[in-house]
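Here is the structure we will look at.
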Amino acid sequence: MVKFGVFLKRELRLLARQKSDWLNPVLFFVIVLTLFPLGVGPEPNMLRIIAPGIVWIAALLSVLLAAERLFKDDYRNGVIEQLVAARHTLLAFVLAKIASNWLSTGLPLILLAPVVALLFNMELPALQAMTLTLILGTPVLSLLSVLGAAITVSADKGGILLALLILPLYIPLLIFASAAIEAASMGLEYRGQLAVLLAIVLFSLALVPMAVCSALKINVS
Amino acid sequence: MFKWLDPLAKPETLFHFCGKLTPWLMGSAIFTMLLGNIWGLGFTPTDYQQGDSYRIIHIHVPSAIMSMGAYMAMAIAAFTALVWQIKTAQWAVLAIAPIGAVYTAIALLTGMAWGKPMWGAWWVWDARLTSQLILLFLYFGVMALHGAFSDRQTGAKVASLLAVIGVINLPIIHFSVEWWNTLHQGATITKFGKPSIDPSMLWPLLISLLAYKLLLAALACYRLRTAILENEQHRPWVKQWVAKQ
Amino acid sequence: MNIAQSTFAVTAPVLLSAQGLSCVKQDRVLFEQLSLQLKPGELLQIKGKNGAGKSSLLRILAGLARPDEGELAYLTQPLSTQLADYAANLCFIGHQSGIHEQLTALENMQFWRAAAELRAVDDYALLAALGLAGLEDIPCKMLSAGQQRRVSLARLWATNAQIWILDEPFTALDQSAISSLQQHFIQHLTQGGAIILTTHQPLTLDYHALHALEIQYRW
Amino acid sequence: MVKFGVFLKRELRLLARQKSDWLNPVLFFVIVLTLFPLGVGPEPNMLRIIAPGIVWIAALLSVLLAAERLFKDDYRNGVIEQLVAARHTLLAFVLAKIASNWLSTGLPLILLAPVVALLFNMELPALQAMTLTLILGTPVLSLLSVLGAAITVSADKGGILLALLILPLYIPLLIFASAAIEAASMGLEYRGQLAVLLAIVLFSLALVPMAVCSALKINVS
Amino acid sequence: MNIAQSTFAVTAPVLLSAQGLSCVKQDRVLFEQLSLQLKPGELLQIKGKNGAGKSSLLRILAGLARPDEGELAYLTQPLSTQLADYAANLCFIGHQSGIHEQLTALENMQFWRAAAELRAVDDYALLAALGLAGLEDIPCKMLSAGQQRRVSLARLWATNAQIWILDEPFTALDQSAISSLQQHFIQHLTQGGAIILTTHQPLTLDYHALHALEIQYRW
């Protein structure tokens, strides 16, 4: 785990060097959200109803976009090839990538929740629920996006393919997260949905890193 | 079990094995297909509620059920490919995927055609419909992924990986979509209940189901043979076989 | 090859051996029934024309790809059971340099120290010795082609690995860098290391145990 | 213009070689569309109201994602460097890129309009309006996305930066297109909106290709 | 250099000339007050250690970057007024190969024919002569490093450009490919062409008008 520390520091250093890497997903998130009132019309009630779903769709797209190039540079430069040859450090490297992806996109989205609530006239309970679902859900988003990025790293065209692969996997998350927010905004209990989200996080935390490692190995050989 | 399966991992043996199997499978598929459809379409009574439109059931139900069966078969092949590093299993994954996708598409299209008279709309966001649509996307994902690699080997392996990941996802999607609908209480159209089926309709249905299963196996064997030839074209045994043809 | 050396080579254990390797790309057989042995102190040069299959062979030997046929053994045990040990004793540098363009030379060294268990040497001194004095702190993207290659090769001065597999290490290097790299090869070999490499440029120094393996370009 | 033909053939050949390049944007478009009912809820009336905005947002995102890597390969391989060195053929090259981007993403979206109408239970007039706005609007999407791709080609992480540069430019398009569809679905006249869209197309056709050329030149030097 | 040749060189027009060039990267001056001339039949080799500034100079000479100081002239006219003509008479191949990995060798040739006004030669024959027979129809991604370089250099056999600027053309090539490339250089030079190149490998053939310009590595 010392290695995890070194690798994470490397990723964070890269982020610090290129601020656009974490600023852009955040801005993208906000911009996509502002497009909706423009496209759908400014009717407040309507907006409040569609808000939970839309927040989560925007979150997905921005995490996905951020993940797309996560492994590309390291693949092209031969870094991944050599990590695979060195074997035992691959998992720490993958975990560092996942952590840095979450720190640079998931975390800012959580911090941004109040702004979103403001944009869509959400009430306090809905805001709380949204924050909670984001806390539980964004790690899953990161995990899934990193998985997609690893699967497609040697593919000839990454971008959209990645999205195509990940979107179906992402559906349960979307359903339960937006259901929780909706329940909260109607003053209902939403612990059930949160519990499901928690289960999804734990499940993917346990399985996805290994899957990412084997995806990288396959792509290199 | 493994003693029996192990030689089949060898492309040459599998090729000849499939070659022997294909005509039998294809023949019985055609036979059961004809039997089921003639019985189902010609000799079952007209439904008093739905008129004759319900007869589409003989295409819809078997293709819907087998679209999931095909996915399971594909995922098992993929799992074998990844764990035991068997190349032929990879090719099997890619042999099954398009067939499964077509089955899924048939189920969707026949369902939609049936839904229009029944529900008054081509498409509603019902749980079962939605999860079937997502199944189609999963198939497309596997196929698109394979196509995206210029290195054939890598493409096949990666597609297998996705097929395995997708199978974990299959029940999750299935149930979450079901809960989603009940949670929302939004659907205005009551879901179609399980119609209690008259035995005179059930039998042809079961025969059709068998027919779709056989057809899947036959087509998969055929495609697998082609894949083996393509991937092994440099091997002497292929050259010998081609010379014999 | 002098006699003392060759006796040493005969008694030494076989580090890496390959039996009956074959590699098929698309529908072309690159090589078949290829066997080789690598002992401590040996330098094995894989020769062959462009496209003969040298890089493909090196990737197989490094455990990155599987041979279509044949067996690999590390210290006489099948490689597949020894992958972790083998990887820890191996330093592979391929056509790609393995450095991240956005990181500085120093940061890349730090990364490799963690990833590949490099020794804790003084990176500043090492990079300066490689002619990169004053360039340690700018992103590698801004280095010239040859300087990037030097950063990538700096690892060889800090690794504990006994087996080195190098795919055209001299690419983009100038003459002085090539000869100091070769000097370093000799030092590694005399300390019981072993090297497999490909290069289209002649090896100019005097190696005690230099073997060559030629792959014929086949169509 | 002989050169334009050769270059376009090259791009189309690349597309033919990788069917995923044009299949994926289409699938992505459909998948994003299906996410909305899942996130927002399956209520048909609600869906029908938000449909125009959503269609256009999904279209934007899929064209954007397809464009993202448009110049990357050619830049990395030094093709663009050498085209800039050869000078006079750069414009033909850029035009070919724009055309192929539209053919591979814009056109399929237009052809997909009936499917979309089906999914969202849209009526015939709304479908007509949607098709018309897509015909006028997708070329603009392509032009803007190609511009963004050119601007960010040497930026170290292009993905999201591109999205950011392009999204604001896209707002007028979004507003007028979805207004047109909405008007149509209420049985109103929408020629005004179409005229505005036409103006936007012509304007960007005139300006964007030159801008792309100079963006590429700047990135190479 | 024999006397007949050098007289020819004196009377021939100056193709490309540079006066007082300087190039600054970050806060480092790579070279200053550098001047050079290129006449038909001349081969100019830019020498220097890794990082001396050879590639930077070549990019300036190819019109891809601007010098921080100094003037360039093409056929005695300032280059800035002649850019289009100059570009049409120039073939530049840099560290990057300039081929698209997804396209086959043939398709890349077709692309270059349109982009850089290549002659209509028989591409199959040309590629076969370069040792790529049978590989014309697979994506270049699947070629070996040296084969990709060969595809990239194939352009030199079909171009009408008089001035060639080549940055380390011998990278990744095997010995036979290097010598046939040099043979082609000589042919180009005797037909009144001119070449500027960098390479860390020795030029082995006998050039009539070989000039060298050394850039000192400065810090």
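A, B, C, D and E label the chains in the order they appear, each numbered from 1.
FYI, a contact is a pair of C-beta atoms (placed from the backbone, for glycine too) under 8 Å apart; a residue touches a chain by one contact, two chains touch by 3 or more.
Remember, predicted model here, so these are calculated numbers, not experimental data.
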item: Shortest path length from chain A to chain B (each step joins two touching chains); value: 1
item: Partner chains shared by chain C and chain D (touch criterion as defined above); value: A, B, E
item: Highest-count interface - the chain pair sharing the most C-beta contacts; value: A-D
item: Label of the chain whose CA centroid is most distant from the centroid of chain E; value: B
item: Rounded Å distance, chain B centre to chain D centre (Cα mean); value: 34
item: Centroid spacing, where centroids are CA-atom means, of chain B and chain E in whole angstrom; value: 57
item: Cα-centroid distance, chain A relative to chain E, in whole angstrom; value: 47
item: CA centroid of chain A to CA centroid of chain D, Å; value: 25
item: Chain C: positions in contact with at least two other chains; value: 66, 95, 101-102
item: Shared-contact residues (touching 2 or more other chains) in chain A; value: 18, 73, 76, 155-157, 161, 164, 167-168, 171, 175, 182, 221
item: Contacts with two or more other chains, residues of chain B listed in rising order; value: 134, 137, 140, 144, 148, 150-151, 177, 180, 184
item: In the complex with chain C, residue positions of chain B that touch it; value: 85, 233-234
item: Residue ranges of chain E in contact with chain B within the complex; value: 102, 139, 141-142
item: Contact set on chain D toward chain B in their complex; value: 18-20, 23-24, 27, 30-31, 34, 37-38, 41-44, 47, 118-119, 121
item: Residues of chain C touching chain E in the complex; value: 25-26, 48-52, 54-55, 95, 131, 133-135, 138, 142-147, 149-150, 168, 171-178, 200-201, 219
item: Touching residues on chain A, where the partner in the complex is chain C; value: 2-3, 6-7, 10, 13-14, 17-18, 73-74, 76-79, 81-89, 93, 220-221
